[in-house]
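Paired with chain B in one complex and with chain C in the other, chain A is shared by the two complexes that follow.
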Partner chain A sequence: MVAYLVRRVLQMILVVFISAIASFALLSLAPGGPLAGLRQTPATSRFYISAEDIARIRTKYDLDLTIPVRFTRWLIGVPRGPLVINGKEYFGDLVVGCRQPIEEEFLNDRGKYETRVTGCSEIVYLRDLTGRSASRGILLGDFGVSWRLLRDRPVSDLIVSRLPKTLQLIGLETLFSILIGVPLGIYSAVKQYSKFDYFFTSLAFMGSAMPTFFFGILMILAFSILPRNAGLPYLPPGLSESVRDYTIPLLGTITAGSASDRVLHLILPVSVLTLVNVAFWSRYIRSSMLEVLRQDYVRTARAKGLRENVVIMKHALRNGLIPFVTIVVFTLPGLFSGAIITESIFSWPGMGRLYLLALGDSDYPVAMAVFFIIAVLTVIATLLRDILYTVVDPRIRLK
Partner chain B sequence: MADNNKKPLLEIRNLKTYFYTEDGVVKAVDGVDLEVYPGEVLGLVGESGCGKSVTSLAIMRLISKPGKIVDGEIIFDGRDLVKLGEPELMKIRGNRISMIFQQPQSALNPVFRVADQIGEVLEVHQSLGKRAGDARAIELLKLVGMPDAESRAKSFPHELSGGQAQRVMIAMGLACVPDMLIADEPTTALDVTIQAQILNLIRDMREKFGSSVILITHDLGVIAEMAERVAVMYAGEIVEQADVIPLFQKPIHPYTKGLIGSIPVLGRVRDQLDVIPGSVPNLVNLPPGCRFAPRCQARKEYNLSICTEKRPALHDFEPGHKVRCWLYQDDEQHVAPLKAKKTAKEKK
Partner chain C sequence: MKQNRFMLVLGLLVVASMVLAACQPGPVATPEVIIETVEREAYTTPHPILSDVRVRQAMAYCTNKLELVQSVYPLAPEAQQQELVLNTMMRGGHWAYAGDENITIYPFDPAAGAALLDEAGWTLAEGATVRSNADGETLNIKFTTTTAAFRQTWAAVWEQQMEACGIDILRLHVPASWWFGDTTGLARRDFELGAFAWVGQVDPGGVTLYSCDQIPSPANGWEGQNYMGWCNEAASTAVKNANNTLILQERIDNYKILQAEFTKDVPSIPLFNRTETFAAVAGLTGFEPISGQEYYLYDVGKWELPGQDTIVLGFTQEPASLFGLVEDAFVAQLALYMVLPGAITTKNYDFQAVYIQDFATIENGGSVLNEVEVKAGDTVVDANGDVVTLEAGMSVKNFAGEIVEFTGDPIKMQQLVSTFKYIDGITWEDGVPLSSADFALSQKIACDPESGATSFYVCDRTAGVVFLTDAVGYTHSWLPGYTDPLYFTPIWGTYPAHRVLADGRVLADVPAVEWATLPEISEQPIGWGPYKLVEWVKGEKLVYEANPYWVFGAPKTPNFVIQIITAESAEALLLGGEVDVLASETLAGLSQTLADAEAAGTIKTWSIAGGTWEHIDISLFIR
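On to the complex of A and B.
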């Protein structure tokens, strides 16, 4: 068991490392980027940003360095300058990037102009990195500073401010959808082909087919906009809390930021996510239970003279939950990453929206931090799943 | 030979169990009459799909959708099981009638320990606590000859061999000293050497506990070894019923004759085994007359037309020997050829 765990943890480190390289490289190679907009301003403009300005910004965000160097500085915070042994510098002349690339425009095959880097007017050497500010590396828990969303503030500040909101939303949603979905799935399986089963499976099918961006807007319309216009009690359509006090018919005045204000804001997004996921969980449990109810040991349990309740809730469910438990742990990364679409619909200030904003604004340190944490949580969930497997299914042993 | 003066423990009258499938109504059991006397071993024999298992599940009232008992009575100890409600049935299942199955390893729940699965029966029917249940489970495991019973009691089913798993099933079945044990192909899934051990065990346990046994099998060798009385099933009905020795020595139904003729005999060299031509009829679309008629050689031999027109009834051929065949049974239009022959012989 210990040998197994050691082996698994080593594998996990490798997987996280590879996924970090892959996502860092993909993000760096993607067209656009944080400097793309700066070049667009014409030379005559009051906001003209000169080539020197751009070079300064490139230096500030490490964008002048080559991708491998940037990656190691992001991951572990090195290199920070030439190697110094006994007061003597080594590798100081190593080229690590280019502060001012020479760019020329070419007419390409399709008859369009295209900018290509043809050389470098100001090379960055390893010794130039001395004194330049750098993070301690993501491995040591330093996610660096945000480029755009909260300029020059640590990424961790952003995450800390967003994470509780996502934990609330996804935590409640997962709890509700499992508490509702699992019993519904069991009942539906036990009463297979009954009216309830038909009704419910069609509903669940619709639920899982309905995109949240459509369903969410429908809910905002039905429970927020229309009742408010009609002077009826309504739910706030977005955000996690209100900026100023407001009055809801029958409920009275709600103080901005109060507990009731926050609960009211939670209702709509939690309901939308719950409805979709109830559909998912119940369908999953239903099929897993149907499979189990066909097994010989369920017949044996009945032949022993057990009550039908015991047959279902003990003998069948205990087996039916084996695949369920292993899938439930994969809600763990979701607790961190949030729900991108639903959070956007309801302007919910959670991790999902942060992620989307970071990508849209080319705030790479933020995006990479989210990437990295999701990758770590996913491999942890995988290990957790495998360990849980042995707990719930005695037939499985880790070797 | 069964003592016919004794009152039967179980009496099945005209049992019909149909399955309502998309392809039509499958008449898995269609008018079965059967009785089981206290303490006897009744062998129920027939090909796969002839309704043996469905009959046994009907006795347990464990037929589930789309199956249904549509007609008949199952009188057990004076009460008709078909009419009993679920609470009464639960008191009978596992307590007064218990059942062991063909695939012992899949019949045990993979996630519970052996002792817990045996103890559960005692908890339900004898209100034994967890501790007492475990202790009794170990006793039972010893009784059924489980090697190293104490540690085996803590095993999970996947850690047992097929034979051990079947011993666990038997221990579970006998936990409450039932009046009747239904063994549905208890040895089919086991190795030949283990088969003999399990059969011996069932016989020993029958003697020790005095339970009646319904032994369901397609293996005539097992029947000859174990049963006192035999009922032969074909296409959802009993075609012949007799004590084991007369049945093997003097089978009278053409199907039984065919079955027994198809057993290879040690020391007798034959170019090929006798086979019954044709195959089992589709239970959705049964032939109108005798169900065996399309495959019956005797019918052709005696050129009987009634066989394909009218279904014969199960009737006494001799005391204790019943058969469902027109060869031995009169009708308004015809005189049974073999019965006529027999009476003529007796007159001489």
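On to the complex of A and C.
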């Protein structure tokens, strides 16, 4: 078991490293970033972007460095300058980037002008990195600074500001959808082809087929806007809390920021996510249970004259839950990544929105941090799944 | 041991990265493939169709601008739809607008358009739907614009209008990233007809858009924004003169010439102003968005909502920082405007002094053009507007305004000097009066390359600044040879030089390099405007309270909140009572939902002509 765990941890490190390279490379190649559109910024009588301005911005965000050098600075915070041993500098003349590339125009074979970098008018050497600010590296928990969303300030500040709200939303949604979905799935399986089964199977299909954005808007209309206009009790249409007190018929005045205010704001987004996910969990459990209920040992248990409750709960459910347990651990990365669409529909200040904004605004340090953390959580979830396998299924031994 | 191994792995990683870095294309490497050398004389061949002014004028006649407006703003009242239509690059009412009588107006007149096309040799054969010339070539023109739904809508209507005149339009909707890319699309004049928008300002500028030496081409390194390739000497001279003189009437006269030539030549078809839509809960008073005044919070101290002590404004984008020098996003500027409002307003595309005693004009003596003698080695602004160290052979403008060659002998040049005095009684929210030292700190930080500022254009052209001791303000001296059309408006902002930071330092002593990350600057700035920022909950809201020291007395509403919302939920939050005001940066236009809510009396909407104007540029030359 220990050998297995050590092997898996090493594999995890490799996977995380590869995913870090992949996310860094992809986002480095993606268009956008602090330089995008700068040259097209309209000049006014008091504002003009010069080539030197662009070079300065490239330097500020390490965009003047080659991708491998940027990658290691992002990952582990080095190089920060030449190697110094006993006061003597080594590799100081190593070329690590270009501050001012020389660009020239060429006609390509389609007759279009194309700009290509043909050289460099100001080279960046390793020694030039001395004194330049750099993060300690994402491996040490320093995600660097945000390019756009929190300009020049730590990415971790952004994540810390959004994570609690996402944990609240996704945590509750996961809890409720499992608490509701699992019993429904079991009951549907046990009462296969009953009216109840047909009813909930239909509902589950609807739930899984309904786009969240449409369902969310319907819910806002049905439980917020229309009842509010009709003078009936209503739920807040969005946000995580109100900024001022408000009155709801029958409930009275709700104090902004109070526990009741926050609970009321949670109801709609949690309900939307729960209803959609209940469909998933119940369908999953139903099919898993149906498979188990057809097994010989269940028939044997019944033949022994055991009560149906005992057969279901003791013999069938434990085996039926094995695949469920292996899936449920994958809610772990979801707890961090949030629910992009639902958070947008309800103006919920969570990680999903943050991730969307980071990509939209080309704030790649933020996007890469989110990518990286999700990758780490996913490999952890995978390991957890394997360990849980051995717990819930004694037939499995890890070697 | 483990630590050593870890360090070894890291070391290998670093070495590997160095090796990879060294393997990157060398800084002086030549390109691998050279297909063809650049043609320096590119874009001198007239476009076979569009270089004929009759074709361009015909297209202008065939364009039903009102119908285009109606296609994108169907819910706007007809009078407003009509008001959005443009005849030239400035809307009627702008101080620099030439007047209908001084420009060529092209009303929707397909018959006039058809006649011009016939005259140009593009005739419609019997039974044909597309015109052709004597050589049998049909009148097909490529039309490029972005994929934005807004443009897809009006472009489809325009295509039909052209079709009705026998012009076949091949409509290409391309990604904005390509169309507005640094080295693609517009920037490389890769279009025949191209639609996009400019943002009209209270100062029309226009030098980079309409002068002959601002036509991008390989020869000038693609400098300039005159993508049409329009070179009309009279217009080019006029737009330069309009931007080189400081006399208002001379500016107006020159812009008149520019507009007359522009509408005669039709290098571009101005279409319409986009609207800016605002919506607020019924009952909100004091809120009055006005064309030309970009910052609609200009009168926020007068906003009032009966029965409420808090007004909530929805933002779909959170400010990244409130350090205005590095963060130019509109939402950040607005959030900052609450605590540090602009010294002037530009309502109806004119200028109004608010926190300054008066504009520093030549006419009122606030600015003077000094005659200064310059010699070789002095720093001046040359005839091209570049900052140079004066040497023999350089072109400069002499005191009379003539462009002359500097021979090496001392020469007299103009030096613009402006004095800005702020009104009495402006006090920071901590009770300390605004002082000239606050302007000095602003100038020092804005001109420090370590501050993170994007452009140092003004700093580079500044000869010196003297901060007043007998009043709150400063006297700004530009380098000899520099003129600024907006010379009479304030240049420097304010920072509270006296502010003591959490770590005990005084703000004035903090190096510029730290400012972008300084919480007291980026997140909790203090100001002297109607409100003070008391809390910023990241991702959620910015909370303001009335500034008891505001020079104009207490704001009507004691609390103000900027709530961060999403575009998807904005209207629901307004109708659900969570926010009170949605502004143009949130609302794309007047939706049916908002119109219905207004009809039901729960909200009120405003649609004003915005500064952004749609137009179709016509490429006059091909490569």
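Criterion: the second predicted complex is superposed on the first by the 382 of 399 C-alpha atoms of A that agree within 3 Å, B and C clash if a C-alpha of one lies under 4 Å from a C-alpha of the other, contacts with A are read in each partner's own complex, and residues count from 1 in each chain.
Basically, a residue touches a chain if its C-beta (ideal position, glycine included) is under 8 Å from a C-beta of that chain, and two chains touch if they have at least 3 such contacts.
Note that the coordinates shown come from a computational prediction; the quantities given were computed from them, not determined experimentally.
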item: Room on chain A for both chain B and chain C (clash or fit); value: fit
item: Contacts of A:V15 with chain B and chain C, given as first, second, both or neither; value: neither
item: Chain B versus chain C as contact partner of A:N319, first or second or both or neither; value: first
item: Touched partner set for A:T300, first chain B, second chain C, both or neither; value: first
item: Touching partner for A:L383 - first (chain B), second (chain C), both, neither; value: neither
item: Which of chain B and chain C A:L335 touches, first, second, both or neither; value: neither
item: Contact breadth on chain A, by residue count: chain C or chain B; value: C
item: Touched partner set for A:R244, first chain B, second chain C, both or neither; value: second
item: Angle at the Cα centre of chain A, taken between the Cα centres of chain B and chain C once the superposition is applied, in steps of 10 degrees; value: 150
item: Closest approach of chain C to chain B (Cα atoms, Å); value: 40
item: Interface residues of chain A shared between complexes with chain B and chain C; value: none
item: Interfacial residue positions of chain A with respect to chain B in the complex; value: 193, 295-297, 299-308, 315, 318-319, 322, 392-395
item: Parts of chain A lying in touch with chain C, wherever the complex brings them together; value: 31-32, 36-40, 42-50, 53, 56-57, 60, 66, 68-69, 71-72, 75-76, 78-79, 91, 94-98, 104-109, 111-120, 123, 126, 145-146, 148-153, 157-158, 161-162, 165, 213, 217, 220, 224-225, 228-229, 234, 236-244, 246, 343-347, 349, 353-354
item: Chain C - residues contacting chain A, complex; value: 10, 13-14, 16-18, 20-22, 24-31, 34-39, 177, 180-183, 187-188, 190, 198-199, 201, 203, 205, 208, 218, 222, 225, 243, 308-310, 312, 318, 320-321, 323, 326-327, 449, 452, 454-458, 484-486, 491, 516-517, 522, 537-541, 543, 561, 563-566, 568-569, 572-573, 575-578, 602, 623
item: Chain A-touching residues of chain B, taken from the complex the two chains share; value: 60, 62, 65, 86, 89-95, 98-99, 101, 103, 106-112, 120-121, 124-125, 156, 158, 169, 172
